[in-house]
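What follows is a single structure, and I will ask about it in a moment.
We just call them A, B, C and D in the order they show up, numbering each chain from 1.
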């Protein structure tokens, strides 16, 4: 068969699951999937990563919830969502019935809540993985974010693994706002994570100089978008160097195929598109196509060969 | 006297020293001062903060040392400098003889080096303060950055205070790349710091997707510029809330008077201009003027009233 | 598979005209068949800047009028206030420049099945979508009275051709520089009584909508208003644009104003919940 | 107080002309009296983009020619390759647009006090500053031979008017599309012998400068070259643009190419130290 016409081998693996494309959505940036389906076919993607879901319904924070910043934005949604029961009743069936590969992101305020979420997801068929968002305040520990505490991070992943069973891959999503990211990564991998999602947003603030107060009602917010890409690349590079066997789902400011390639060369086995979708609803699909071109131009015949390529020299 | 013609009271204090203006240069972004003196008169500023100086001459890192990033840049200079002796012989006399208020930034690889630097500076007359850059790798502790280690940070400030005497203000410059910035701030203040400089650069990386390797010869670099301003504002706000008596020298992506005001409302008693000077050699003076207008427009009659104003509501 | 944003498309479109009108710019875009799908109250999300821009989010603008006939095919028209960087960039576009849009987005004003006496209340550029609404109401036999208010005369948007479909227009300015000195709500009660208004449509700043809603409640009138919250995506995926809305089930939810709005039922809004989540909101 | 950047000024200046020439743009800026202060080898640092741009650093360009006479007062001319976002933005400027510059910056080519036989070697847009240099050398009585090389014909910059001051011009391209097939260094030895060259001036990619320097050493000729390192500030305050240079005291220092360069003595450069600090550098 003529090389030129051979489909590019875009496959990538997290745990036991093989995804046909390495481009994913980022949690909290693709709604329930439905909203984007007007703009492109969701099954073109590796998977939709759903907005982090909690045990109970959550109203989220008051508005204003967003502020644009130079080449980035702050958000303070506060994990608004319908709670796991309604989510499993409405959102998941819609995705599964349309053959959209789905990774469910979960968030808890206690270790026990993560256990509950994992138990409820264990029996759901058709899922492709669980992303564990541990960048949530731990109400049992002075609201300290789980992902900033090596022991709590580990504990969360352990109970999720125990309650979920061994079938579905667990991807632990880490925060870059820590002194020693690599040791947190080691901890969650030891605890049973099959992959790591890097990075969640950076904690930031914008002040409204006319109102003389923080612009966001929640005061601080998460910084995302191209502004943080260098931090994402660094985080992925460091963690891939330390744990080369563990697949990384990279994210942080990817707005083009070239940006995605930067994360992949740093060590990402998949790339999630977040904030870019707000500026361009078709971004995930566009980036997938641009990535394919960028890889072919550089002589790659399969995606897997590109992962971590910047570590070789 | 007519209010309109009264000079704006721009004074600000760090420790025992009063500065006539709250706009400073950022360490490593104003050369030795001479380079900028072609573009504006240095005594218009609160002070020049010199590039961090080490005990011995340092070649710094190989090139490429910089990469532009969205609304920011990475640098990996590696603290290049002539060493304290030549610095005290050439750079300092030039500044002092021209009545330029000068804050000397120091950096060491061991606690003992900080002690040496402080001893050498003790006898230099005409200085306005010492900024202690503790975002340097500690060679005695696996290269872990001092500012990321609460105990090492404290120790450094203690020995600097002990060796410097009590006359000059000590401003401890902290890194945002830590899990708990407030506790590090508490530690260095307990150890004798009169002020805090927030923030140093964030650790980042850019990959050259054509060469398939990190763009910078030193692989990682420090992220600065408007991209990081939300992180700076957050850091300043958090630390000012915890330590309202301690003056903060704020920095991170300030490119206009409005940006400076954001940091001031968050709690900065002074603002250093770094990366903005690369794009506009006259930036420090321009920002000072814009800040004056922005403060007057908002009805402030003195700078001090504006510090921390975003905490009031 | 398409139950949300069903008619929205992303397109590069040409600027056909850009004229300064008072404090605003009246901008016409050649959008082809998107015009047919557009209803009064819908909005458009526009990319601002170029490949080098640090502004990564779209800006939302109400669609002033949509027309599917005419020399250039389908067009939509906007009334834009040069506010910050992005809107000023848009106001600086010249004829033949291209801009990237996503449209039509959001809910539209509900049109009664029978002719009614409608009172349309607009503040500042918020007047814009009311003219398209007036045309539809008029063509369906309704009486249309309009109140347009602003701080100063230059900020009232009241084009001559817009008045074709309006029975009466009342202007208010806070400084009295044109029309009646005062706010739109100062003149509402008398006009409601005079014209026997049965439904109120409003668009403008949130504080004005709140005040308009109080009058609507007082007179027990239906009130549809187009709200304005900061929007990062405009298409329902980011959850930044929420407002507290009471649902048919009586529960208050933080609802997306880009999907469940911008046009909402005034009586469903929990007003005055600035920077707070109202007590009783689901999941608070 | 002003011992560094003594002649540099920051100014908003007008674009007088912008023409595509082969692979490059020839751009003329009205800089007023800055032209008088400009010497061959100096460069200009230009802001790219507008208030919304995410590119925060200036771009450096060699000054091709400076002229203080003429219809528009002082002008400087540039030869710009559309490379990335910033240079493409510059190449897209139109007549009457304004750009913000800082100039003149850096060292200039040393001019011998006596007439000499000079060989000028340029690669790609690196040819640009050599034409201004040729004029000065010629007017001072020197013989000027020039070699211009590039990968392909379109990347050779060799304007007719530039040749006025040149005795001979030799072109090389790697693909043979014009002139001699090969590199500038392939033809250098024969030309040095033929024209009895006494000094070499060069400007182009670092690898070319290195190869030129080897030939200069072989023939024991003076060699002045204009280097190119990534520059964040262009005025000496950031330390990003360093190259290892041996000083008069024999010590190698990482020296700023924006202040101690871009024109440096080829024999002072520690060549081939890509991505490393050479052994023996002060403070390594």
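To be clear about the criterion, a residue touches a chain if its C-beta (ideal position, glycine included) is under 8 Å from a C-beta of that chain, and two chains touch if they have at least 3 such contacts.
What you see is a predicted model; the values in this text were computed from it and never measured.
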Hey, how far apart are chain A and chain B in touch steps, shortest way? 1
What's the farthest chain from chain D if centres are computed as the mean of the Cα atoms? C
Express in whole angstrom the distance between the two chain centres, defined as the mean CA positions of chain A and chain C. 35
I'd like to verify one number: the distance from the centre of chain B to the centre of chain C, where each centre is the average of its C-alpha atoms, in whole angstrom. 47
How many angstrom lie between the centres of chain C and chain D, each centre taken as the mean Cα position? 56
Give the residues of chain C that touch two or more other chains, as numbers and ranges in rising order. 54-55
Going through chain A residue by residue, note those that touch at least 2 other chains and give them in order. 67, 70-72, 225-226
Determine the shape of the graph in which chains are vertices and touching pairs are edges (line, ring, star, complete, other). complete
Given the complex, residues on chain B that touch chain C span 70-71, 226
Okay, in this complex, where on chain C does chain A touch? 1-6, 8, 10, 47, 54-58, 102, 229-243, 253-254, 259, 273, 275-277, 281-284
Can you tell me which positions in chain C touch chain B when the two form their complex? 54
Across the complex, what residues on chain A touch chain B? 67, 69-72, 74, 148, 177-180, 202-207, 209-214, 219-221, 223, 225-231, 233-234, 237, 253, 258, 261-262, 265-266, 294, 298, 309-310, 312-313
Mind listing the chain B positions that touch chain D in their complex? 28-31, 34-39, 51, 56-68, 70-73, 75, 77, 80-81, 83, 98, 217, 225-226, 255, 275-282
